[in-house]
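One chain, chain A, links the two complexes that follow: it is found with chain B in the first and with chain C in the second.
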Partner chain A sequence: MTETVLTFKEVALTFETEEGPVKALSGVSLDIPKGRILGVVGESGSGKSVLALSTLGLVPRPPGRYGERSSIIFEGKDLLRSSEKELELVRGTGISMIFQEPMSSLNPVFKVGEQIAEAVELRILRKELKQARSISLLESLRGVKGIDESRVKEEVLEILRDVRISDPEDALDRYPHEFSGGMKQRVMIAMALAAKPSLLIADEPTTALDVTTQAQILSLVKDLVREFEVSVLFISHDLSVVSEVADDIAVMYAGRIVEVNDVRSIFRSAKHPYTKGLLNAEPRLSETRKSLESLAGSVPSLLRVPGGCAFHPRCPLVFPRCEKEVPELLPVGSSGEVACHLYHGEKE
Partner chain B sequence: MSDGSEVLRVDDLRMYFDLGVSRLDRFLGGEKERKFVRAVDGVSLTISREETLGLVGESGSGKSTVARCILGLIPATSGRILFEGMDVAKVKGRQRRLLRSKMQVVFQDPAGSLDPSMRVRDIIAEPLEATSGPPRRQVDEAVERMMELVGLAQEYSNRFPHEFSGGQRQRIGIARALITSPEFVVLDEPTSALDASIQAQVLNLLKDLKRNLSLTSLFITHNMKVVSFMSDRIAVMYLGKIAEIGTRDEVISEPLHPYTRMLIASIPKTDPDNRFTESEEGRRIMEQGKEAPSPINPPSGCVFHTRCPYAMERCKVSEPGMTNVSPTRSVACYLYGDSEIPNRAT
Partner chain C sequence: MFDKRELIPPFVKQWYSTMKLVQRQRLSYFGAVVALVFVALSVVEGVFGSAILPYNPITSRGVPNLPPSILQWPPKFSHIFGTDPLGRDLFSQVIAALPLDAEVAFVVIISAVLIGMSLGTMAGYRGGKLDQLIMRVTDVFIAFPGIILALAIAATLGPSLLHSMEALIVVWWPKYTRLARGEALTVKNRPYVEAAEAAGRSSSGIMLRHIMPNIISPIIIYATLDIGNVILNTSVLAYLGLGAQYPTPELGRMVFDFQSQLFLQPWLVLVPGIAILLIVLGFNLLGDGLRDALDPRSSRIIAAQSSAGQEGA
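This part shows the complex of A and B:
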């Protein structure tokens, strides 16, 4: 067995709202193996982003509430049962995250060099003070404990070179607004990697970018994953973007994982009717079809998830059992898992 | 298919947005140069009857500005737009209202372009009432017909936009655009805000409508795969200019302009054995690492030369004009011809 960096175990998350409970995640179990890129793909309301936020303890509780059996295990610790102080240490040192909007994630009043330096300093301090129990303690120590500034600067420059910023000396003294969208995303990636995390979470990191810039960022992420030996949870609504970078793909629908497999198996022999639907709904460049094979209906609201298999009202292969019983995510064939009654048990 | 008669002709269209002189510069007594965003800088194109022209480009390429000029929503800086022989900028009064009913538009954001306080029935009816004002019964019939055409159930006619999903709202937008039986429709990123499975439904609907109603349209998108599915011909825009224009098959299967090639190479591939991140072209794009410059200070010569892997000395100083490489296709690139645009002072 390969080593696992992060394990989701039966993660269920419900938000209490005025209109009733919203079941954002239901029974999500998933492993991220070391050194691999796991792509999570799903349409709006599938729960993919809230899965990422859960990993960093960023879901406010209340209104969010996790199921009793839910756990997210990272480095032997259950993140759902960690204190805020423990989570602070995990964020940015064990797990880093890059978001969709680089502009809103970078501080507009600090120079790019300073923002990356902060991440580097925290990492150095944390290493020196293994027993440090909180980030706020480290923060206050930053001023007191003399950190070798030239060493930090060297490291910042190196990271900027790693993310292929052509003139790193010049970039140090610039403010985020002076950069284009793609350059800002490179700075975000630099900050995330400065912490030398073992897991990188990328939530739609290229969705706000133009296609040529997206191509650059996707190639960069792939290269860096190899160089830094970091595992990645890569979230996107776009199956083709995920296919470009991921080793494995998990498909989410209405808060559940409906299929997991390696990227080739998903592309060549998708099992779940929803995965097949997504693959066929995508127009191809050399398109010869007169019409696309579209899935009927629309993505369900998480306030009113259909009973049984949540996909059954849109499924072309639906049969009576699908309306009554939620299919479990179970192994099928030589690799992968699928949650669909077509593959498990009796059809009647 | 197209009978070849021309519905729309755009001649050397320019749209410069005046940024004025910066107040700080005026205060400091420094540079007093007026700055302009050259959003559209010399675009010419034609659209024939029953044809869909796809206009594709990245953000800042000027594709939406071209559409707004065509629709007469903003006055062009220079150039001419002829719709069925009428100069869009010059028609007035009744003629203008008539023109409006013949040209309609569907916008990207179905939530932002529908009045939240109006019922679906009234949203769809509004363009018809505004242009010809037929009797109520006739309007009701037309609304019913439109709702059926775009696949909306009649019982929804008294609901408000917020009660609908994104895909359904886009159907409302399409019904509203088609109720005046327009001869020409601008579709400005109509599926970009939609989920993949819903995008397929709306694209299929648009394609069916195009066939069944013999629509002529301009389809604007940043998505090469979508434009390839929808278009008969494709124009590729970069920094306010058309880089290449030709039939769909020509542009997609054999892109000529280096920018078109870069765009096509950058498309994420669903097939993991065909990844651009592992292709030669993809490597090149990444290593070169440049992004589109600002349209405020476009590069001299060919606007693409700063990112072009084939740039020659000549590309830096003089601007290539459109060269016809086949009866249906032209490219603005010195690799394919010597046509040159004389330097013009602005």
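This part shows the complex of A and C:
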């Protein structure tokens, strides 16, 4: 068995709303092995982002409520049962996150250099000075005692070089609005990696960027992940983007994992009809087709998830059992797991 | 190659471009000039004291014990606003009163902004019970008529300039708390705040570095247009005898002292009265201009109108 960095165990999350409970996640179990990139794919509203936010304890409770048996284990600790204080120490030190909107994820009133320096200082404070706390109010104005400013500056420059920002010396003194989207996303990646985390969560980091920048950022992420030896939870709605970076892929639908496998197997022999549908909806350069196939219907509202397999109203291969019984995520073939009645017989 | 202007923090730029727009509206421009003259006179007078005044504002011009009819002069060349019944030069008194009003206004505004911004940011960012507590207390203060509360506090503490300042601070902070809370609520949901949370910043650090710097510009602008109101209320307290005490020259106090002379020597009341009017009007006009300039829709209209005007000329 390979070492796992993060384990989701039967994570169920319900939001209490005025219209009734919304089941954002129902029984998600996943492992992220050390040093690997796990891509999570799904349509909007399938629960990808909520999964990421759960990991950092950023889901507001209430209205969010986790199931009794849910747990998210990171470094031996259950993050769902940690105090706010403990979570604060995990965030930015153990787990970092890159967000969807690089345009507005940087504070407009501080220079880029200062913002990265803060992340570096936080890491030195926690990992080297072994002080389990955040930077205090006064320290954020005057600097932290025991941390050499010139060393912090050196590290900031180094990390800017790592994310391939040309002329890092100049970039230090610039404000975020002077940067392009791609540059900002590089800065965000720099801030996330400055913490030298063991897990990096990337929530659709390339969605807001144009295609060429997207490709650059993706290859950058891939290189840096090897260099910094971090595991990654990479979230995207775009199967081709995920296949570009990920080692393994988990496909989500209506708050559940429907299929997990390594990238190759997913592309060669997808099992779940939903995964097949997604793959058919991708344009391919090798084939000439008149029109792309699309999945009929749309993602069900999480207020009213269909009974049985949530995908059955849209599934081309639906049969009576699908409407009654929720399929479990079980191993199939030589690798991978799938939650579909086509592959698993009746329970004995 | 490298443009130094890009090093100016955004909120300074915003303030500057706002002021450019204010300049294009004639009335607001007048207001801005009055406000500027007031501040400049106050600073100069505050630094140099009565040394730069034509006469000492507190001591009598003439020999004491002379009958008032000889001491009290109507406006003439050597005393442009005349003298009061004790033979003191009115012009010198009015100028001497300016730094006092400026000081009160700035102390009150700055204290109110500091208190309001800290409480408002906390209420807006933390939310929950703390928010409820802070905002309900704020509501109570806002529900109470401001000037009456200030009067009550000043009267209880005893009449003096310091006490009237304290009273005004107590009345003034709730507005800023509300304003700061509203702004904090919008900034709180910006992605960089979420990013800071995800990066393990403490909530106090997030408030100081991510919320406050991003809500300060509307607060500064609101405070600028609020200065006139503070001066007016200072004068009201002084007029009612709860502010600066005799013989400290203060505009409201002077109106009160000389009101018995209204029909005999009207300039004694009119000069300090008009001074108050000008200052308050100036700041209010400036404030109106600021508000128009800050509203994105009307700021475009101002820009369009003034450029059309320039083409016509």
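Assume the second predicted complex is superposed on the first by the 326 of 348 C-alpha atoms of A that agree within 3 Å, B and C clash if a C-alpha of one lies under 4 Å from a C-alpha of the other, contacts with A are read in each partner's own complex, and residues count from 1 in each chain.
Everything below uses one rule, namely that a contact is a pair of C-beta atoms (placed from the backbone, for glycine too) under 8 Å apart; a residue touches a chain by one contact, two chains touch by 3 or more.
The model shown is predicted, which means the values in this text are computed figures rather than measured ones.
Once both complexes are superposed on chain A, the partners chain B and chain C fit side by side without clashing. In the superposition on chain A, A:Leu89 makes contact with chain C only, not with chain B. In the superposition on chain A, A:Leu157 makes contact with neither chain B nor chain C. Figure note: vertex chain A, arms to chain B and chain C, all at CA centres after fitting on chain A; angle 80 degrees, rounded to a multiple of 10. More residues of chain A lie in touch with B than with the remaining chain of the pair chain B and chain C. In the superposition on chain A, contact of A:Ser104 is made with chain C only, not with chain B.
Look at A:Leu239: by the touch rule set out above, it reaches chain B but stays clear of chain C.
Contact with chain C, but none with chain B, is seen for A:Leu56 once the two complexes are overlaid on the shared chain.
By the touch criterion stated above, A:Ala215 is placed in contact with chain B alone, chain C being left untouched. In the superposed pair of complexes, A:Ser166 makes contact with chain B only, with no contact to chain C.
Overlay on chain A (Cα): least separation between chain B and chain C is 7 Å. In the three-chain superposition model, chain A touches chain B and chain C at no common residue.
Interface residues of chain A, counted against chain C in their complex, comprise 56, 58, 88-93, 96-97, 99-101, 104-110, 118-119, 122, 133-137, 140-141, 170, 173-175, 177-178, 188, 191-192, 195. If you check the complex, the residues on chain A that touch chain B are 43-44, 164, 166, 180-183, 210-216, 218-220, 222, 237-241, 243-245, 263-264, 267, 277-287, 290-296, 298-299, 314. Residues 58-59, 165-168, 195-201, 203-204, 207-208, 222-226, 228-229, 252-253, 262-273, 275-277, 282-283, 285-287, 289, 291-292 of chain B touch chain A in their complex.
If you check the complex, the residues on chain C that touch chain A are 2, 6-7, 9-11, 190-192, 194-202, 204-205, 208-210, 213-214.
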